[in-house]
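In the part that follows, the structures are each spelled out as structure tokens.
In what follows, subunit A forms one complex with subunit B and a second complex with subunit C.
Right after this comes the complex of A and B.
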């Protein structure tokens, strides 16, 4: 074994030790673990959304071949074109039987569509979805229907993707910007620090709402991806400040001096030596940031600046509820969903903080 | 100290110029102008014909590119003139003056309530740290802290305005007052108070949860210090240790937190004011963005930024003042 290999191994062993230790502590926290399970569950719901609620078969055999029309919910282009050619017009159950007597299909757990109201007899023997304020939760519409008769459960299941993506994508972006800006300022100090600190302060002071609303208004076609990008591009200031502080502290430490003495360049020192040591405290605000990004997105949708239809986020359901306050189910279900998701991320962040911050760890002993 | 202040002030000025420049650029580049957005939306027949539009644009200075408009706005601000609102035909300062009262009524009451309840709760939680009742309270506060305000506002509206309609508990859905302007002073005050209950509740619970958690976190750090052990060793009772030795040493971050809540106190909450149609600053801000009312957007942005910067400066100065280890140099 060469010298560099053994050095590499001992380092990876050490850093594994820290994270394995943190994970062992994390697992002993029932609330944080419950939150982690909940978020994993949400991810599963988001991935399996078309199989949970939809009007397109998960799998079906039609004219001798097997198709998965439910993929159309992820992207229109994924829906096999043969059904459009055969004039299904989005109504599968009757058409499948009429046009091919030998066909079979595996249906989603709940036959309801997130984009439109289910019509009478679309599913043999089932009445049309009630519209206006008649659609209380019942056996067919688990969470009721909105004022147009669209099933709330289906909308929420399909909105899960947005809620999860918003948090992860926007905080991924914010984390990258924040770590880079903070690392540069903290490591180099001097005028670099002056510049990055000033930029951070400016972004911090610009009212987030103006920034977001203005950018959403400026971009040509607002999509959920652009909203995520904007939330990420405005939400990195806290992360940058914390990273800067960590880098300021760590650049004085002995292992950095040692690394410099071996001839490592600044990029290498920052990425391989300081960042792994600064990562744990920086992960905490990122986790809290996911919670606040989900909040921001749902409040934007709530104010009417959400993703364009037919995509529906939980917040836009609440926006519908504002003008139909007697339909309590439009508030309760999406509201509780947003709340639980935010709570879960906050609990995970809290748990992460407790297991990675040595000062808090000492206190528990 | 004087050089530090001077440097901070100059830097603050630069920051202000940068912020207002960015916001002005963004605002002017939003599609539509105050003329098209305002008139076209409400009534197509009132849409201006092209010549009138050009004439109006010249009057408002909108025919110039936006960076020239920004310089003109900046020049006026230096001379103490925030301009006139396009859509409301009033000076921006008058508008702000009208809206500051209602916002302060809600946010000021909420702030006082949150501190009055939050400090005892935080102290209670740190005194009984680890006990079953403290865990339950802390969990409850944590849940409150994660509860989105707009969801809570909608819940409260459903309960108090829809389900309790017709009972003594019914509370108004939105607005600040239903009474005509000639009603008696006392009746109007009572009416406004009734309207304020739900917005104040919404704004209080979040800061209450935050403040008490903040106090508890600081107390937990304080009780681990050596001087607490000394105080216990010399025989001070638990109450005295808690208030006199520990709590007094957590006052610094508390005062800082108070300073940082300054912008929110005047700026209000866009979402809460929007849900309850409360005629405050947050709602004015939201409306001015929708109406593309550039002078009002800029006036409010300037005000928020100045307040934020003052809050940060105050926080830094307070730190130096109370903690000799931190120096401004």
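Right after this comes the complex of A and C.
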């Protein structure tokens, strides 16, 4: 036996928990892994958006001090006030040099703004962004520009945050509600189960999209956060049903009786003994839920009920395209981005299901 | 004074088909440091009795009557039937430990052995995580698991059945309880492992002075480990005596039948050495009645080789003391005391 073989064998005998084992299996699934890498990349893009596309320096030295004006993309209040005082009016490259000859700056990879069209000579020697249907994709505007001349690539990079947040926040909320409701019903049974099951069924009947449209019509300031809250507050029913089933099954298991016999209370048994065993099957619908939440948000934005400007989600780009169908780049790039992201989450969900469900594990070998 | 005293325990299941009294007026007592064997066929109510002690009977089971008194060193007693839930949790795992039948499923698959034993300690002792882990290691050494340091970080699925049962025993003993309830602790194990686990239990009892309630259907196990034996049939105790007495002079027809049904090494009394075994095992005719249709009178009479009708189908016989410490629920117990009657068929008595 060669050295590498024996090393491999000893590794497979190593102590492995359920999740370590699941991860080892997951890693061997090329599609699911590719999807995971894609989502990780998206998260990186969302986090680094101001450094990827923007017109504000990532870091700059101005009048003897170092600033990071790009943080203004996350929140306007984070943009150092000195630049407003010195009347930069949002254009940094010219002003920096004019007002402080000693200044230097590190610029984003792509000098394009997600909120406004770049003007002529804003970046020395570069023409203004073309407006209307002139702005085909080219070297300067990678994904073209919209009808107002705003760069589509910059818009999409900055819209990634919304796409990811919608999925994670709304399903985080839905997961929390679903697991709590399902756990209570499944563990205590009786009238508690009766109550939680009926509530679940009632919520299941509420059409999410229509509810969101109704709420947007009523509330004063519709924000993306309210949309996420509604998607989360209506999307937990499937998770609750699954959790309930798992808790019903596991509550009968001998190790739960054994835990009770060692003196563990109901909360401890639910959280420490049952939940970790129920988590794997519950994670799967949560992952699929993220995909459908992203789709829901895109549909809303497409209908024109997206985040208020200047923030733009991928769906609202599609909405822009609706009235300018000749500008194919407004359809293709955001459409592909939505498609790939939803596909990635579905692939991850499927991969999770395959590696955590022993029955599927055998069947798909 | 006995450590644990069960008086007239009634545990019934309220099913859609009606009330099913699985345990119907059981009284038992266990002295400090002693081992009591609770014996009976499947479905006789012995496990429900055990689960009732810690109030672990799952719905729709309800403890309807009786008291379960647990005494501490000073003799002060608490009634586990009426004890408030938070106080009961202190008893569970703290003063009474429990060992289950199926070591494959009584450990949580997602936690390491060390975590599970440490948790049992943390629930009852005011110690740090590190101290609890140290205690877990100590316990693994106590139950003689090889290479305990490494096992501490392993998961249940990596252990053999015998080792898991040792872990379960370690968990039950982690807080030095006064009493261990062992519900068929060896039934799911290989015969060789069974012997090891029984040895371990006997050894631990001697070293730690823990009393044991051993529930089993295996009379061989009882013979090896128990001080006293209670035989259960159809939700009731039918005979109770010191272990030696039960094996030497069983008085209840059911106990006699159980003992006769054992495969014996060397054959039945009277068979000469070297003679071939007579072939078939003796059985008790008929089936254990289901709790919803227990027969009237003595519940064993339809299967009893010595039954006298109609007396035996009349009133339920009382449990009475036929010799010091020997209780039998049969009016003809005195006549049945002779060992030679074991093989005699019904006609000769009736």
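One rule holds in what follows: the second predicted complex is superposed on the first by the 347 of 365 C-alpha atoms of A that agree within 3 Å, B and C clash if a C-alpha of one lies under 4 Å from a C-alpha of the other, contacts with A are read in each partner's own complex, and residues count from 1 in each chain.
Criterion: a contact is a pair of C-beta atoms (placed from the backbone, for glycine too) under 8 Å apart; a residue touches a chain by one contact, two chains touch by 3 or more.
These figures come from a predicted structure and were not determined experimentally.
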item	value
Fit or clash between subunit C and subunit B when superposed on subunit A	fit
Subunit A: partner with more touched residues, subunit B or subunit C	B
Partner chain in contact with A:328 - subunit B first, subunit C second, else both or neither	first
First, second, both or neither for A:202, with subunit B first and subunit C second	first
Touching partner for A:259 - first (subunit B), second (subunit C), both, neither	second
Subunit B versus subunit C as contact partner of A:78, first or second or both or neither	neither
Partner chain(s) touched by A:318 [first = subunit B, second = subunit C, both, neither]	first
Which superposed partner A:342 touches (first subunit B, second subunit C, both, neither)	first
Which superposed partner A:66 touches (first subunit B, second subunit C, both, neither)	neither
Contacts of A:215 with subunit B and subunit C, given as first, second, both or neither	first
Superposition-derived minimum Cα distance between subunit C and subunit B (Å)	11
Shared subunit A contacts, counted only where both subunit B and subunit C touch the same residue	none
Contact set on subunit A toward subunit C in their complex	15-18, 189-190, 252-255, 257-265, 272-273, 276-277
Touch list for subunit A against partner subunit B, complex	31, 198, 201-202, 204-207, 209-211, 213-215, 217-218, 291, 295, 298-299, 302-303, 318, 321-322, 325-326, 328, 331-332, 335-336, 338-339, 342-343, 346-347, 350, 359, 363
Partner subunit A, residues of subunit C touching it in the complex	54, 56, 58-59, 86, 89-94, 97-98, 100, 102, 105-112, 119-120, 123-124, 153-155, 158, 168, 171-172
In the complex, subunit B residues that touch subunit A	11, 14-15, 18-19, 22-23, 26-27, 29-31, 139, 142-143, 145-148, 150-151, 154-155, 157-158, 161-162, 173, 220-221, 224, 270-271, 274-275, 285-286, 289, 297, 300-301, 304-305, 308-309, 312
